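Structure below; questions to follow.
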Amino acid sequence: GSSNKSSSSKSTYKSELVNKGTLTVGLEGAFKPYSYRQNGKLVGFEVDLSRDIAKKLGLKVKFEPTKWDSLIAGVGSGKFDAALNNITVTPERQKTYRFSTPYINSQYVLVTRKGDNSIKGINDIKGKRLVEGTGSDNAAIAKKYGATVVPNGDFPTTLQMLKQKRGEATINSLGSWLVYAKDNSTAGLKYQKLDPEKVPVAKVAALLNKKSPKLQKKISQAIKDLKADGTLTKLSKKYFGADINN
Amino acid sequence: MLKLTSLNKTFSKQSALTDITTEFPENQTTVLVGPSGAGKSTLLRSLNFLERPESGQYEFNEINIDLSKPIANKTILSVRRQTEMVFQEYNLFPHLTVLKNVMEGPVQVLKQNKNKARIEALELLKKVGLGDKADSYPNQLSGGQAQRVAIARSLAMHPDYILLDEPTSALDPELELEVLKVLLQIAKEKQSMIIVTHNLEFARQVADKVIFIEKGCILYDGEVEPFFNSENKRIKDFVSAMTFSSIA
Amino acid sequence: MLKLTSLNKTFSKQSALTDITTEFPENQTTVLVGPSGAGKSTLLRSLNFLERPESGQYEFNEINIDLSKPIANKTILSVRRQTEMVFQEYNLFPHLTVLKNVMEGPVQVLKQNKNKARIEALELLKKVGLGDKADSYPNQLSGGQAQRVAIARSLAMHPDYILLDEPTSALDPELELEVLKVLLQIAKEKQSMIIVTHNLEFARQVADKVIFIEKGCILYDGEVEPFFNSENKRIKDFVSAMTFSSIA
Amino acid sequence: MWQIITNSFPQLLAAGLKYTIPLTLISFVLGLILALITALVRLSNQKGFFYIVKAIFRFYVWLFRSTPLLVQLFIVFFGLPYLKIKGIFPDGIKLEPMTAGIITFSLNTGAYCSETIRASILSIPEGQWEAAYSIGMTRAQALRRIILPQALRVSLPPLSNSFIGLVKDTSLAASITIVEMFEVSQQIAAENYQPLIMYSLVALIYAIFCTVLSWLQGYLEKVTSRYISANGGGNV
Amino acid sequence: MWQIITNSFPQLLAAGLKYTIPLTLISFVLGLILALITALVRLSNQKGFFYIVKAIFRFYVWLFRSTPLLVQLFIVFFGLPYLKIKGIFPDGIKLEPMTAGIITFSLNTGAYCSETIRASILSIPEGQWEAAYSIGMTRAQALRRIILPQALRVSLPPLSNSFIGLVKDTSLAASITIVEMFEVSQQIAAENYQPLIMYSLVALIYAIFCTVLSWLQGYLEKVTSRYISANGGGNV
């Protein structure tokens, strides 16, 4: 934390906030289990996490659900303080944005149709059609391994497309798969975890504006604290049914 | 020969023509007169099936139609090919040149050879005094010129009858004169015509027969001079309104 | 008194009125005649500034305007309030009832009290024989009725001059008669009027003065009978076309 | 499935009433005013300096008709904060989502409808202007009392086309953080994993809104056309 | 920034040429044909059994005008595979993305344009039909030779409005996995995290397409109006 109590208010993290006394968080709100709507209320792993972070910072929290592109643009143009939307840290993105300490180390899975034995591992997706969300890391990985990316928005539709043979496979986070499989039929589909040697585990963190160094430090500290006091594990079990960081 | 027996036509509930029985002699000009709303246009349009009378008998050359029964489309087309309408508002086809306006019927409907149709169209345009306007569009014409094109267009179909509904009422006196001269010429050539007009002087000169209609009924049907000299109060009033001699 | 001196008006390159010098006496009816395209409408519309002449002098009561200079908007509005136009196509306001058509000017422009305006409007409608049509919409009227409403509308403004451009040329003879009777009545009441007409008989009866225009120039400007009996070849030809006596 | 519908219907309706309808109504009214102004400016025949004003309005119409609405929303909401003008907007122009939405939708509607209104004014016969001028009306009086009431009748069908289009276009507001009806349907779909049902349901609600608007259009057409009675012969 | 533009411009243009333009052109042509058929059916005054046909077309127009295009795309692409009809489609109707896109855009365009065409046919004076009938033309001949050529002129501005709208609406095709221009811009934005620049860039390309279309519209308007010359007095 900041040790210099006499520093002027001008240079505290609070002056970096978009709205005074409030942590404004951008997220999609249509992305289970990270953020989604249940009985009319916004819930999800990242919704709860944002609340806990805000509490640690002594701030109120405000959610701004919007589209993927708008998350990025919103952080860039100072509409939100941070975006928490299962965003992976990459060196590319670090050039223009700041990231907090990661709060998820997300493992990838490859989902294919049962009976389709042509894809045994990540190396077999070359030339295949992989259904992935626009701009997602999943899409980037698929591309890197030579697959043709078929763009699609949401996870259930993606799985539908596999069943309708409109694609051969999809890469997604282990979390998404587990949550979907919990109360939905995945008949006809199977999955395999991807080897972390080949596809490194994704570090998911909060995305912040370049102009918010103090806020970045504060949020990172809050996440560390939440990790230490077991809150993160608790949240993970609540939403993913397991501690996905282990 | 065109002959009507007991023809009736109503619009919704209003009767427009009641028990019309008359004939339109071949190679002659019949003039239809009557006050506004009398049913002159309705009668003329019925002859061409632009209106559909509910009952009566329609005889035209070898065709004999019972108007109270459905009429075959073929019959209607055949009647229309042999009768041509000339409208008060000309109704030239604005997107076609004057020449194409005249050729359209012969080429598209009568399936005439295009070159033949063009040659005849040019002749007809010369006849109505518009040999030099073949490539103009209708909106480049004066009203009198437009109406003469409409007459040429109807002549090009070699119809048995030409039906003219107030062909000059949209025109100034001097432009009217151009058109009336052409019509007098055609009448002289024994073309069968039926003309609705308010022009007394012209009616007198062109008519072989006069029909006077009021409120959908025929009040006079016969020769020309007896009509204009009639002692009948209604006819006399009407004729004098046509001559403006009783304004004050 | 309305007076023009050396008025000129061209459309793009074409000259429509050339060096027009004349006057329109008060409490009299001036009739404007001439062939189609002569410039009659242009002259009438210039008097109301619906057309803008390029040069000349325009004198109207105390107002004196040099047409070659910009004219203040206020001046134009003031002239228009004192002169009323009656058009060939009536130009009634289709979305207003007959009564509202007549009241519109007095209420909106002259800022008259609504009740007073309504009472006068009803009187005027009675005068033109349409007391029972006050609540009709224009499209429920015959042409003759519509034109009489237009006349009532112009009278409601108590104009110094009423300008009428072929007020009956869209009408059948019998409907024309209705309108001409009203106009003769108004002329008798010494309303100043300027009328463009092709109706010879009417012109003869209503006119205090005749102006004959051709190709934008005044060829005759004077009394009535001398005009109709003129020996001038051009005038004689024109007058006889107006009477249809020379068709064949 | 029935349960999904009864569960989500109230949420969808609430979002519709809270965002979709106000956004549509306010933007349409403002857009219409803007469209009228634009149409009048472009129709005016004033010369000189006014030519520049006309050029600006022409550019505005071109710009908003030829770029995607989504991009317009994006730039107004996320782009304007970058527009820092010393003295006036030192921190850039930051708009609330609803404000940005209403501004963009109004500008977009204004551009399209101005063309409709322009055409409808041009369709009124010159004689109506002349008759109005003849009884001494100013241009403003003639417009207000004579021309616009008639132009309204002509422009009603295309304007309500635009209105119905706007209802559905408001779904784009989700990209500037407005949680309107369509966005809610997607958020719910994320929970129940039934996007097809949710989409059909939200389409149904749009259809209801649009059908009500069509009725309104029919009613207004009747009212504004009451002077064109069936029995009339068209003598005007 | 300059580098971002030069890097992504070719990709955007390629996507535009490969998907946006073909999708727009094919759908518009098919939609126009459908619109014409719909307009003619709805205008016909045939009675009896034909009444049902008319009702079906009326329903079609209502359906496609009052639901969001995105939902239409979604249902045709993802919904039809569930529509299993024994004997005919035992496995449901599974369409290729481009096929589904073209079908949906055509149906949507057809619904909107049918209203335009219907209005334009109605705007041709009755006298033109009568003159055509008078020289003995059949209804089909009158339509083809006399009415439609004139109606075309009237309907060009609203039709090209729809065309320009369609260009931008094709961006929705991304939701059924077509990688059209807008989708490409989003994909690039996901990499470089510069959505504002990418959006502006893609808006520019749309604006170019639309401007070209406006020119085309202007040209066609001139050609189809060549018979309405400036010097004419309107005596038709």
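Labels A, B, C, D and E are assigned to the chains in the order they are written; within every chain, residues are numbered from 1.
The rule we apply is simple: a residue touches a chain if its C-beta (ideal position, glycine included) is under 8 Å from a C-beta of that chain, and two chains touch if they have at least 3 such contacts.
Not measured: the values here are computed from a predicted model.
The set of chains touching subunit A and also touching subunit C is given as D. At the subunit D-subunit E interface, residue numbers used by both copies make up over half of all numbers present, so the two copies contact each other through mostly the same positions.
Taking A-E and B-E together, the pair of chains sharing more C-beta contacts is B-E. Ranking every chain by how far its Cα centroid lies from the centroid of subunit E, the top place goes to C.
Relative to the C-alpha centre of subunit D, the farthest chain centre belongs to B. Taking the mean of the C-alpha atoms as each chain's centre, subunit D and subunit E sit 21 Å apart. With centres taken as mean Cα positions, subunit E sits 44 Å from subunit B. In whole angstrom, the spacing between the mean C-alpha positions of subunit A and subunit B is 82. Subunit D has its Cα centroid 37 Å from the Cα centroid of subunit A.
Under the contact definition stated at the top, the residues of subunit D that touch 2 or more other chains are 74, 78-79, 82, 195.
Counting partners per residue, subunit A has 69-70, 73, 76-77, 157 as the residues that reach two or more other chains. Along subunit B, residues 142 each make contact with two or more other chains. The complete set of chain-chain contacts reads A-D, A-E, B-C, B-E, C-D, D-E. Every residue of subunit E that touches subunit B in the complex is listed here, in rising order: 125, 127-128, 130-138, 141, 145-146, 149-150, 153, 224, 226-229, 231-236.
Residues 62-63, 65-72, 74-75, 78-79, 82, 112, 115, 119, 157-158, 161, 164, 168, 171, 182, 195-196, 199-200, 202-203, 206-207, 210-211, 214 of subunit E are the ones that touch subunit D when the two sit in their complex. Within the complex formed with subunit C, the residues of subunit B that make contact are 35-37, 142, 169-170, 172-177, 180-181, 184, 198-202, 205, 238, 241-248.
Listing the residues of subunit A that touch subunit E in their complex gives 68-70, 72-73, 76-77, 92-93, 96-97, 131, 134-136, 139-140, 149-153, 157, 160-161, 164-166. Interface residues of subunit A facing subunit D in the complex, by the touch rule stated above, are 26, 29-32, 36-40, 42, 64-67, 69-70, 73-74, 76-79, 154-157, 180, 184.
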